[in-house]
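Structure provided below as C-alpha cells; questions to follow.
Which chain is which? They are A, B and C, in the order written, and residues in each are numbered from 1.
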C-alpha cells in the first residue's frame, strides 16, 4: 500500500509565482509529499533560491527558474529546464498574478491588458507548454488558483474578475478535453486569507464580524493541503471542479 | 508532523447506510485512516456485521448498529451505542437515503414524506444527536452525500430532498464553525455501484456526452474525497459542495 | 404609468453583431420597445443595412455602423457615430463573438488571441467607451450574451473567453451600481439559429438523454424578450446575474 506521507514520489510539479505566500507554501507541501518542484518568479530570483535551499535542507528536490510568463520564450525555457532537471512534468499549478485594484470608471484598457497578460494569457501559455509533457507521462494535474473576491464580483476588480473567471473557464475546457489523457484540471479558490501583507499568523487580526464561520482567516497551508490532495492519487475522479477555501464565508452550490 | 497513513487516529465516525457500496467503502477507508467506525443500515444485519468484522480483522475498529434514522429512538440508540463503544463522535457521514423515482405528476404525498423522512428529517435528527459530542471533543466534521442527478434535476429525481439536506448542511456550517466543525456536501456523479466488483468501465454508456476521465466513478473515489474532507487537511473547507464526476458536470 | 408597449422610448442601444440571428432579433425587439438602435457587423454591410432599413420602415429608428470591436479605432468610431445620431448611449448588448471549436491540444496561442480579441478585449473596449455616456444619462444597462456550451464545457469549446466576460460583467455590476447601471449575462441554451424560420423543433438533438423539458429548442425571440426585460424599467434591481435560457435542460444554482 502506498505511503500517504510520500504519495507524490517521482512526480514533477511547476508552481508559478512560488517565491512567497500561497505559491511558496504549496510548492513546499508538494515537495514534502515527494514531488520535485520548480520555484518560479518574475524577478525575485534570490527569494526563489532561498525557497529551494529550504526545501533541499528538508530533504526535498527543487530548482529555481526565473521566468516571466507573459513572454513565450521564458515559458518555453521554464518547461525545458524542468524537463532537463527532473525528466518530465506531471503537475502544473497556475498561481502567478499581479496585484491591482481599480474602479471601473477609472479602468483603462492598459490596466486590463497588463493583468490579462500575466494571469490569463500567462496561464494559457504555461498550460499549453506543459500539457504535452504531462500527456507524455501518462497523466497528471493542472490547477488554477482563483480569488474569492473575483467570484463574488468584488469592488474595483472587474478586470480581476474577468481574468480569474477566464482562467476558470480555461481550466474547465481543459478538463473536458484532457480527461482522455488522464489529466484532471481543477480550480482552488482563495477566500479570506492571510498573506504576507496582513502579517499572517492566522489569528484574529480583523474584527470578529469579518471572520468566516470557522472562526479564523485562511492561511497558505489551507490552500497547500487542498492542492496536494487535488493533484495526488486520491482525487483522480475530481475534474473541472471549483473548490472554495474560505471556512464557510461563501457557499456556492 | 501528522502521519498521513493514520491521520484519523483517535477519531470516531458514524456512516449511515454503510452496508454496501459508497457507504461501505467510505467506512472502510476511514477505518484504514485510524478512525473507529460505526457501520449502519436499517435491516441488513448480516451485511453490516460482515463489514464490521472485515474491518476488525484488518486491524481497524468497528461496530455494527442497525437503526432507521427516520425514528428518533433509533437515532438515539445509534449514537449512544457509538459513544459506549468508542467514547464520543467526531465524524458523521450522512449517506443513507431511499429512492422513489417517479415524475412530479405521479408522485404522492406519501412518496414525498417517505424520502424526506430519511434524508432530511433523519439527517437533522442524527446531526442534532451527534453535534453535542463533537463540540465536547473540540471539533468535528459532517458530510452529506448526494447524487448528481438531483443537481441536474434528471427526470423522476426529486431534487427537493437532497437540496434540503444541502441547505441544512450550509446552515450548520455557518453556525457550527465556531465549534471547529466543518460541514460539506459530496456529490456522486456517474458511479459504478451496481456490480460487486465495480471496475468503473463504461459498459453501459447511457450518457450522450462522454465522461472526460473516461470511466465511471467507483466507491473508492468517494471514500478518498471524504477522508480528505473530514481530516486535518480539510479544516478550512466548509459549507462547500464537492462534485465527483470525472468532469461531466462542472458547476461554478 | 409606463407604457409597456413603448417602455424604452428615448433610450439608445448598441447591439454588437446584429446582422442576423439573436443579435438581429434582439435589436428589432428593442426598437419595437421604442429604443433607437445601432445595428453592427464587421463585414456584412448589406445585411446590416437591410436590418436597419427594416426597423425604420416599421416605424422604428436604426442606423447601421460597421465596426470591428477588436480594434480601438473602430470602437471609438462606433460610439461617436451613435452619440452623433441619437444623442447618447443607454444600453449596450455585447453579442459579437467568434466561434471556437478546437480541442485543447490543437489550440495555438494565436487561436486564443484571435478568439479573445473580439468577445473579451472587445467587450472591455466597448464597455469602457460606453459607460461614461451611460453615467451622463443617469443610468443604463450592459448585457453579455454567452453560449451554454461554455458553461457545460462541451467538447472543444474553450469557455475561457465567455467566462472571462461573465467575470468582467459581475465586477462592473459592483462598481457601476451606484451610477444606476445594471450588468447581466444571458446564456443561450440549445437554440435554433440555423434555419431562417427557426421553428424550434427538437429534431436534431445533440442533447443529454433527458431531452429538453420544454420540448423545443430556443428561438432568437426567446432571448430578445428576456433582454428587453433586463434592460428596461422593470428590472432595475437585477444586476450581476446570469440568466440561462434553455428550457430547463441545465439548472445551475
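Points worth noting:
We adopt the following convention: a contact is a pair of C-beta atoms (placed from the backbone, for glycine too) under 8 Å apart; a residue touches a chain by one contact, two chains touch by 3 or more.
Just so it is clear, the model here is predicted, and its values are computed rather than measured.
The chain with its Cα centre farthest from the Cα centre of subunit A is C.
Centrality by C-alpha centroid: the chain sitting nearest the overall protein C-alpha mean is A.
A straight line joining the Cα centres of subunit B and subunit C is 43 Å long. Taking each chain's centre as the average of its CA atoms, subunit A and subunit C sit 33 Å apart. Each chain gets a centre from the mean of its Cα atoms; for subunit A and subunit B, those two points are 30 Å apart. Annotation for subunit C: residues 153-155, 253 touch two or more other chains.
Residue positions of subunit A touching 2 or more other chains, listed in rising order: 168, 172, 175-178, 240, 253. Shown for subunit B are the residues that touch two or more other chains, namely 247, 249-252. Subunit A contributes residues 72, 103-105, 107-109, 112-113, 116, 120-121, 124-125, 128, 131-132, 135, 150, 152-170, 172-178, 240, 253 to its touches with subunit C in the complex.
Within the complex, the subunit A residues that touch subunit B are 3-5, 7, 168, 172, 175-180, 182, 184-185, 187, 212-215, 218, 222, 225-226, 228-229, 234-248, 250-253.
Taken together, the subunit B residues at the contact with subunit A in this complex read 3-5, 7, 166, 170, 173-178, 180, 182, 189, 211-214, 217-218, 221, 224-225, 227-228, 233-247, 249-252.
Across the complex, subunit A is touched by residues 72, 103-105, 107-109, 112-113, 120-121, 124-125, 127-128, 131-132, 135, 150, 153-176, 179, 240, 253 of subunit C.
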